[in-house]
Structure formats: C-alpha cells, structure tokens
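Shared between the two complexes below is chain A, which pairs with chain B and chain C, respectively.
Here is the complex of A and B:
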C-alpha cells in the first residue's frame, strides 16, 4: 500500500474514533448538566403536573442509553432530531429547520474571514523574517501579540468604538432577516469580519514568522544563496514551502479558533448565526439542539485537521516516501 | 378590576389624550426598565410597570412606516402561543396579535376589552360575561362566546403553564354560551373579582378551533405575517381593528437581540427604533446626553429578599422583623438599581387595587433590630444569603445588605448561585432559607395565591397561617369593595407583621426609543409603554 493511503487510512480511523468519543462526551455532559429542559422552560411555572407533561412530550422519560443510540443513529443518517423545546411546546420543529438558516449565516461569515485570514497570515508572517529587526517586523510582532491578548468581545467593542461611535462609518450590528442573505448588506459584515480576523490572525502570523526565521537560517537556504539563486526564488521555492509545513497545522487550528470566536462575535454584533443559536439552546437546555450542533462542530474540527494533514503531505515530499 | 358600569369606549383614547394619571401610587423617579436576562424573564413571566412617554407628540399622529423593536431574545423557545409565553419578547408579540378581555390602563385601573361587563350572582360563584360586539379576528371570523369558551378550555390544560393558574378556579366543563355575546362562567369557589384574572397576556383570546400557532389568528391591532423564533417577527397592521384608527404604523418588526450593548448599538445606529430593558448605567448616561428617549415606568414589580419562615433562625419572627429593620431601603434602591425604583414596604402591589396604603413605611432602625435579635437569642447571628446574577440588582442589593447588617452585629455571608439553578425547583428554588426574588405584579390575588396561601406553588417563604388563609379566602370571595378592602388589609397586615418577605423596591421598567418614535406613554403594567405599539407612530 502506498504510504499516502496508509497514512490517510490511519488518520480516518483516528477521526472516527475521536468523533465517537466526542459523541459520548457530549451526550453525557448534557445529561449531567444541572436543570432539565422541562424545568427551564417552565421556570417559575414548574408545577409537578406541568413538568410531567413536558417531560413526556420531550421523551425524556426514556432511558439515557436508548436516547443516545437513537440520537447517534439519526445523526449518522443526517437526521439531527427534533428540538426538545419545540416538543415541550407541543410542536415538532426539527433541529435542522432551526439551525439551517443560522448555519448558513455563520458559514458565510467564517468563509469571508478565512478568505482573508490565510493569505494575510502567510503574508504578514513572511515579511518579518525578510526584514528582521526592522520597524515593520516590530510593528507586526507587537500588533499580533496585542491581538492575541484581546478576547473577541473586547476587540469587537473597540472596533465599534472607533468605526461607529467615533467615526460613524460602519454599522455596529449585523442583523439579517430570517431567510435573508447577509451579503445583501455587506457593510454590516465589515466589523464582525475584522473582529474575527484580529483574534485568529495573530497566532498564524507568529507561527509563520517563527517557521520562516528558522528555515532562513538552515544550511540549504544558505547554500542556495551562495549558489547565486535569486533571493525571490530562495524565499518562495526553498524557504516558504518548508516553513509552511508546520504552519499548516496552526492555520487549521486558527480556522477552528475562528469557529469558537464566531460564537462570541455573533453575540457582540447580534448576528443571527449558529453561535447565537447554540448559546440560546444552552440557556433553554434544548438538549437535542446542543447535542447536534456540538457534534457538527466536532465534525468540522476533525475534517479541518484531516485536510491540514493532507496539505502537509502535499507540501513536504519527504512524507510521501516509504519510511 | 373591571366594573360593570364600564362603558363601551375604547380605553386607548385615554392614553392618546394623555389624560391618564399615575396618581400618588407611582410617585418616584422616572427610571428605565429593569433589564432581565432571558432566562430570568422567562422564569418570571412579564411584569407590570408604567412607562414614561419618551416623546411629546407634536401634532396629529403620522401614519405609515415600520416600527422596529429589539428585545432580549429567548432563542427557539420564543412563542406566539399566548398560553405558554413567558418572556418580555413573547409578551410584546402576544399583546399585539391578540386582545384581552380586560384592558389595564397606564395607572393600573382597568377598562373593558373584549368583555364589556362581568355580572356575578349574589355569592360570586357564577359570572355572566357580556362580550363586545363587532370585533373580528384577522381571518374575518367574528368574535363571540364560543371563542371565549374555547380559549378558557385551552388555558385550563396543565401543559399551558402560563395560563393555567389564572383559570384553575373556573368550572370549565360547565361554561355555557347563553347567546353569541353572553357567556356563563361558573366557579369552583367564590371570586369577587374574576375580571382581574383576565388582564394578563397569558389569558388573551384566540379563535375557537385553533390547534397550533404556526399562523396565529387574533383580534389584535397587528396581524401575523412571519415569525422565526430566536430571530425576528413581522406583523402587519390590522385594518379592521375595533379600536378605530389604530394602529398608526403599517407594520411591526420585533427582533431578538440578547446582548444589551448590541441592542443599544442597534438603537443608536437606527437599525431599530426602540429597545426593551436598557441597562441602568446606560440609562443614566443617555438621560444626560438626550440622544435617545429613555422611557422610565414606575411599576409595582417587586424585588425582594425572602426568609424561609420554617427554617431557623428565620422561623423566629423577631429575626425576620429585625432583618426588615436592618435594611436601608433608599440606599438599596440607589446603590443596587441606580435609583430606578421606589422603596418597598414588605407588602407587594403598590398601586394595584386593594393595596393597603395605611401601613407605615418601614425604615432602617438598627437599635430596634439589635434588641429584637437579642430577645431572640441571636446576637452575633451568622447567616448565609444565596444570591444570583439572574436579575440586575440582585447581587448588588445582597452585597449592600450584607454591609448594612454589620451595624446590627449580623454577619451575612454571600453565596452566588448559578442563574440557571436559582429558579429551578429541582435544584435550588424553594429550598433556600435566605435568598432573593422578583415578582411581576398583576393583582394582589395573583401574588398571594401563587406565593403565600397554603399549598401555593411558589411559596418561597413557606408561610403557613390558618388566619391568613381565611382572610385571603374572604378577600378574594367578597363582592362588596369596602368589605373586600377590609379583608385585604387584614391579609397585608399579617404579612407586614409576620411575613418572610423583605421587599426593598418596586422597580421601574427602563426602556429606550429613538427620537422619531411618538405616542408610547408611561405604563405601570409593562415595558415599552406596556407594548401598546398600536399607539406608536413615527415622526418624519
């Protein structure tokens, strides 16, 4: 078997094991959480009678193992289940009905952020080592350090303070009507995208910079230079490729970080995405929604990691040879 | 609340004419509404308050446009089913799709809504209710007795947890339509003021035969157009509304914006025209700058500490009385909720019918508190005070009280509990000896039946008293208003002398609208002018 296939096979197997473990952890955590959905929905109206009716409606009276197996079987077949809150209210809204719109909104936001994040990370990361110790290197280092230190809600508030309160250039909220397209009003998306970029860019920039600095000091780069290879070619052909290999994993992590950051960013800008949906579902103890959204996020994480592995293999020929 | 002599006159006109008076009950600083977390709002289900009109209307109301409002969202639990709505955003939607039998005025008096007269028999066990003629639902069906009977039948289902408490005293099986506009409602026990049960939005009227709320039909000022729970709803003007001439705007958009800063930013940016629940500090700041109109509505919504009357040391009434004397109420109102409230007097419902105004205002008296504690053998008392950030002002007031208690030699140790456990009866609720609570205040009857009668579902103080139960039953069952007031005074005297509640404030609603929103007036019964968006109009 080719080493590539063997490697991928191992990775895929690992991914499935990871997702299976994640499903157990997610399900168990939600069942241990204090407060069942019936009590939360009823609030102060939680008379034993009403509580019993709602618990039955939500099918929470079945054993946990049955509920787990049903949920996971459904999930594997693309059925995310029915919202517990909706059942408690005597309705039958599926999780997919509830999350498909927000999911699309979040995907659009994440895609725009990622579109800028990857080239910016590489670009800004490479500039520093090319001009080590120069003002531009320092500026990038300091800014990225500062950005790492600031959580999204602070960055978001600062950006709102500058671009809305002080300058009044950009709207401070990104409200999208249900079923509407976020791109219909692109100016709304600028501040959320900037917020996400600030938070997720810094780590990538620093990693690329470190990799590049290291590679530029290796013997083969020196040799290439001594052989009279043009500096541009040294950088792109010899140095960057090898410097990127470790950075790919970090960029993948940054994309994952972006997904985490979206939850907070959406809240700051009142953006109707999956983060807002998840936060609300947690507050409402809508176990089926939280379970399925958490599982979807786990799948995205694992897929991103797999893709990163694949890209690394393509970048580094050594990994493609038999050991 | 509503009287038989009430006329057929649409009550909203008072509001428009600005003739309403808040009277002496609702004195006190104008303030902005109390912000609620969605969870807590859900737990508490709305409230009452009077909103202060932000804007002075200039000239005749201008018609047209879309009124866009932002509320704390409730996620997919948001509903337009009137019988299970619990949060302010639900209330805001429900009050505009449907109509009440009885309308609450800004000063907490009432006017006829869909019911014109409530005629009891001599012992207040059967009512004949005369209904308004000429009201039509959004689908063109005319409103009548069958709709009232059907609505009450639905309300009485235990799964309809919001409405159930209001109709549990009705003998549902024996209700009868005498004719199209007269319905007979028999009761299980005497009730001198049945109309008071039909003011709150959980008891508003739906058409007979309604099976779901995917496309809800009501008689209200706005008709359903679209609704995505957790995101946004759009309702359009009902052109056939029975309060002729209203509403003024063509449509109403309500958006869920849970983060308070984002909600305010949306208002400042003009993305929305109004928002519920402006944080107190922001309210102060924007009152000063005047860039938006801050709506402050004094209301009887109660913020209280409570002591379990069955658990030591609070089982000794002297300890409870001492704690009530320790509290420096004006300092609590100022420090915990930035002055957006009036001081409480341990008997809830200031401004509501039958509130006892003759009881002296309780003030801080450390010496008397000390001597009571000494007599109870509780000098150097140490207690645990369970608080939570579920409501703005809870942790702040608890912290202040702990400081005030030091003067009386009492050590109060604060314990901050998770917000989602605080009102959960399977975890903390009704199990805490000394804690905090908030109550929307609809009527004295509602509160005392829910919180203090023996067997009350939310008996936070675990109060038990046969004399109290008798006085309460007498007060509720009495038709004669003077006698009823006497009984209600007995009920309140018992709580004032022996109860476990320390009510430190009647909190205001604090909301905000942009400068172009006109016509929303202060209203003691709810946030944003009690959600009377039919009165609002947009200036050019």
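Here is the complex of A and C:
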C-alpha cells in the first residue's frame, strides 16, 4: 500500500474513533447525566400525567443503549430525530425542520468570513517579516496580539459601540425572517463578519508571520538573494510557497474557530443561525435538538481537520514518507 | 530586578502587567469603593451619566459603576477556580503518565486526541443542557475541557525530567515514588507550567465569560461583567456605558494577561509559545 493511502487510512480511522467517542459523550451528557430527560424538559411543575405522556412519546421506557443505537443509526442515515420540546407540546417538529434554515444562514455567514479570512491572514502575515522592525510590522503584531485575546462577544459589543452608537453607519442586529435570505440585506452582515474575522484573523496572521520569518532566514533564500534574484521573485517563488505549507493547517484551525466563534457571534447579533438555535435549545433543555446539532457540528469540525491534513500532505511531500 | 521579573523591563511586559494589576485591584477592592448597592435601583432605568451615577443606570435602574466594581470578582474568581481544578486533575494524570509510563500513557494520549477533535464550547453547552445552568457545572466543565491538554504538557515535562541524574539518584536511594515526584520532579517542571497556567487562566476567563454572556452560566441579578453586557446590549443606544465599560474591563484583562504571558515567554528564551487562548476557545 502506498504511504499516502496508509496515511489517509490512519487519519480516517482516527476521525471515526473521535466522532464515535463524541457521540457517546453527547448522548451520555444529555440522557444519562440528568437522570430523567422527560422531567428535565417539563421542568419542576410537571404533572405526573404530562410526564407519563412525554416518557411514552420520547420512548424513554426503552433502555438507554437501545435509544443510543437508534439515535446514531438515524443520524448516520440523515434522520436527526424529533424536537423533545415540541413532543412535550403535543406537536411533532423534526429537528431538521428547525435547523435547515439556520444551517443555511450560518453557512452563508461562515463562507463570507472565510472568503476574507484566508487571503487577509496570508497578506497581513507576510507584510511584517518583509519589513522587520518597521512601524507596520509592530502595528500588525501588536494589533493581532490584542485581537486574539478578545472574546467574540466583547469584540462584537465594541464594534456595535463604534459603528452603531457613535457613527450610526451599520445596524446592531442581523435579523433574517424565516425563509428569507441573509444576503437580501448585506449591510447587516458587515458587523457579524467583522467580529468573526477579528478573532480568527489574528491567529492566522501570527502563524503565517512566524512561518515567513523562519523561511526568510533559510539558506536557500540567502542563496537566491546572493545570486541576484530580484527580491520580489525571492519572496514569491522561494519564501511564500514554503511558508504557506504549515500555514494551511493553521488556516483550517481558523475555520474550526469560526465554527465556535459563530455560536457566540450569532447570539451577539441575534442572527438566526445554527449557533442561536443551539443556544436556545440549551436554554429550553431540548435534549434531542442539542444532541443532533452538537453531533452535526462535531462532524463538520472533524471533517475540516481531515481536509486540512490532506491539503498539507499534498503540499509537503516529506510528510508522505512512512514515519 | 531579579531574573524572574526580567519580563517587566520590556515595554509590552510592563504595560501588560500594569493592566492586569489594575483590573485585579478593581475586582478585589471594587466592592468596597462602590457608591451604591449593585442590586438596588437608584434612578430611572438607562439614564445617562450624572453626578449621582457616574456611568448612568442599567436597564433596571441600577448603578452601572457599582455593578462594574462588583462584577469582576466572579469573572476572575470562577476562572481561577476552574484553572486550579483543571491543574489538579491534569497534574495528577500527567505526573502518573510521565513517571510510570506504561500504565496510563496510551489511554491518556488517545483521550487527549479525542478532546482536541471536539469544539470545547460545544462540549460545555452539551454539558449545560444535560446538567442545568449552575456555577458548579460551569467550573467543572471548563476544568474538564482543559485537564487533558494540561496532563499532556505535564507528562512531556515529567518524561524529560525523569531521565535526569538527580531523579535517578533519588530512585537509587530507594525513595518512594511520591517523594521523588514531590522533591525532584515537581520543582523542575514548575517554570514552563507557570507560563502555561497563565494562558489557561485567560482561556478560562474567555470561555466562562462567553457562557455567562449566553445566559447559560451565572444567573441574574448577579453583577458580572459578561452578564452586564448581555443584559444591557439591547439598550446600548440609551446608555452605552452599561455595555462598553464591562466590555472594556474584560478586554483589558485578557489583553493584559496575553501581553504579560508573551513577554514572560520571550524572557524565558522561547520565541514562540503555543497560545492556549484561541487554540482551545471555540
């Protein structure tokens, strides 16, 4: 078997194990930890009748292992289950009905942020090492150190303070009517995208910067310069390419941070995405919604990780050698 | 100035340490300076700054300045509690794994890999959905998120130190494992762990504040900077201070710790320290 395939196989296996463990943790935290999910959903003042009805509707009389296996097989086949809170209200809303709209909204928000994030973090990360010790180098490194430390909800609140309260240029919320398209009103997406960019960009810039600094000190860059190769060509042909390979992994990591950041950012701007859906479900103790949404996010997270490994492997032939 | 505080001589180190000191002093001594009861209404809701309430009032008419002065204790206290708890668990596992390799090592390494493949905030939200919103759940959850990575760092440091002559001498003298770990291993892995602990502390602040902001941690009517932001942000136009001042306090604290941590790492001669803050946050 070729080393590439072996590497791929190992990573795939690792990803499956991680997701399997994640599914057990999620299920256990939501079904076994609270003791009785039905009384959790109904709250303290539930009548015994309501409790019995919900237990029956959620099929909680079956053993936890059976429920776990059923949930996981359903999930793998694309059946995310039925919202527990809707069952308690005598309705039958599937989780998919609740999340398909928000999922699309979140994907749009994340895509816009990622679209700006990747070129910007490469661009800003490369400038510093090209002009070491110059004001622009200091400005970028101080700003990124500051930005990396701020939680999304603080960044978002401060941006609202500047662009809405002080300047009144941009709206402080991003409201999308059910079934509407967030792109219909692009100005309200500016602040959420900026908030997401601010945090994830800073980390990316620092990594690209570290990679570029290192590469610029290598012997092949020195040699190229001494041979009289034009500086522009040294940077683009010799330095940047080699600096970018390790950065790919970091950029993938940034995309993962986007997923976490999006949960908070959506809440700051009341944006109807998967993050606000999750937070609402946690507040309402809707265990089935939390269960499936959490699993879905974990899958996206692990897949991104896997893709990053793949791209890095394609860029750096060294890694393909068996260890 | 002793060697240990060399980082204070750098500009960023001095600024960072100054900022942290300021915020911590506000958090500790703020409640004694507060002009009003943080839970009692003192005027018309959302009025602007006046001589009576310097930073105006919040959405229930409570004094914003007093709430800011009271609101730092929970931010710093809970984060410190979570970090200490995480370190207690992480040290126990990491020392065992590093010192008595065959026992826990493989299990530990795999479990850390799994944890790293799972968004931490998501883990916390799932835990809260299952166990309910309470401070105890929040602290235990944040500690659980951090313990695996800490144990990995402790293990690596222990492994390295365990092969040194002074440890082998201790074992050769017939000392018990506890004594060797306590007297020979621990003192020698302290320095790198302290830097790491600082970063973990920032991370604890970030994630606990984020959960409080989402309304899934500390509940009203407590004064807490993150909670203040989420309570008042709908009315930001009426009294911006009620949101911007607590936001600035949290921002100052995390930026200050990061600047200080960076300067310390540099003075220890490491050009690059992996940043715990973001790599685990979301």
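The definition used in the following text is that the second predicted complex is superposed on the first by the 305 of 323 C-alpha atoms of A that agree within 3 Å, B and C clash if a C-alpha of one lies under 4 Å from a C-alpha of the other, contacts with A are read in each partner's own complex, and residues count from 1 in each chain.
Here, a residue touches a chain if its C-beta (ideal position, glycine included) is under 8 Å from a C-beta of that chain, and two chains touch if they have at least 3 such contacts.
Being a predicted model, the structure only gives us computed values, none of them experimental.
A.B. asks: So if we stack both complexes on chain A, do chain B and chain C clash, or do they fit?
C.D. replies: Clash: chain B and chain C overlap once superposed on chain A.
A.B. asks: In the overlay, answer first, second, both or neither for which of chain B and chain C A:191 touches.
C.D. replies: In the superposition, A:191 touches no partner, neither chain B nor chain C.
A.B. asks: Mind working out whether A:148 is in touch with chain B, chain C, both or neither, as first, second, both or neither?
C.D. replies: Only chain C; A:148 stays clear of chain B.
A.B. asks: Look at A:283 in the shared chain and tell me whether it touches chain B only, chain C only, both, or neither; answer first, second, both or neither.
C.D. replies: The answer is both, since A:283 touches chain B and chain C.
A.B. asks: For A:172 in the superposed arrangement: first (chain B), second (chain C), both or neither?
C.D. replies: A:172 sits against chain B and chain C alike.
A.B. asks: So, A:42: does it touch chain B (first), chain C (second), both, or neither?
C.D. replies: first
A.B. asks: Determine, under the contact definition given at the top, whether A:50 touches first (chain B), second (chain C), both, or neither.
C.D. replies: Touch status of A:50: first partner only.
A.B. asks: Pick one for A:159: touches chain B only (first), chain C only (second), both, or neither.
C.D. replies: neither
A.B. asks: Touch check for A:127: first (chain B), second (chain C), both, or neither?
C.D. replies: A:127 sits against neither chain B nor chain C.
A.B. asks: Have a look at where A:267 lands relative to chain B and chain C in the superposition and call it first, second, both or neither.
C.D. replies: It touches chain B and chain C both.
A.B. asks: After superposing on chain A, check 4-12, 58-66 or 76-84 and name the one in chain C that bumps into chain B.
C.D. replies: Once both complexes are placed on chain A, chain C clashes with chain B in 58-66.
A.B. asks: Considering each complex separately, which residues of chain A are in contact with chain B in the first and with chain C in the second?
C.D. replies: On chain A, the residues that contact chain B in one structure and chain C in the other are 34, 40, 157, 160, 164, 172, 267-268, 279, 281, 283, 285-286.
A.B. asks: Which residues of chain A touch chain C in the complex?
C.D. replies: Going through chain A, the ones touching chain C are 14-15, 17-19, 21-22, 25-26, 29-31, 33-34, 40, 142, 145-146, 148-154, 157-158, 160-161, 164-165, 172, 199, 202-203, 206, 210, 253, 256-257, 259-261, 263-264, 267-268, 278-279, 281-283, 285-287, 290-291, 294, 297-298, 301-302, 305.
A.B. asks: Using the touch definition up top, name the residues of chain A that touch chain B in the complex.
C.D. replies: Per the stated touch rule, the residues are 34-36, 39-47, 49-50, 53-54, 57, 83, 85-86, 89-91, 93, 98, 101, 157, 160, 164, 171-173, 175, 177-179, 267-270, 272, 276-277, 279-281, 283-286, 289.
A.B. asks: For chain C, which residues are in contact with chain A within the complex?
C.D. replies: Residues in contact with chain A: 12, 110, 113-114, 117-123, 125-132, 202, 206, 209-210, 213-216, 226, 229-230, 233, 236-237, 240, 243-244, 247-248, 250-251, 254-255, 257-259, 262, 272, 275, 277-279, 281-282.
A.B. asks: If we count contacts the way the header does, which residues on chain B are in touch with chain A in the complex?
C.D. replies: 38-39, 42-45, 70, 73-77, 79, 81, 84, 86, 158-159, 161-162, 164-165, 212, 226, 228-232, 255, 257-259, 261-263, 265-266, 268-269, 271, 418, 420-421, 423-427, 429, 457-458
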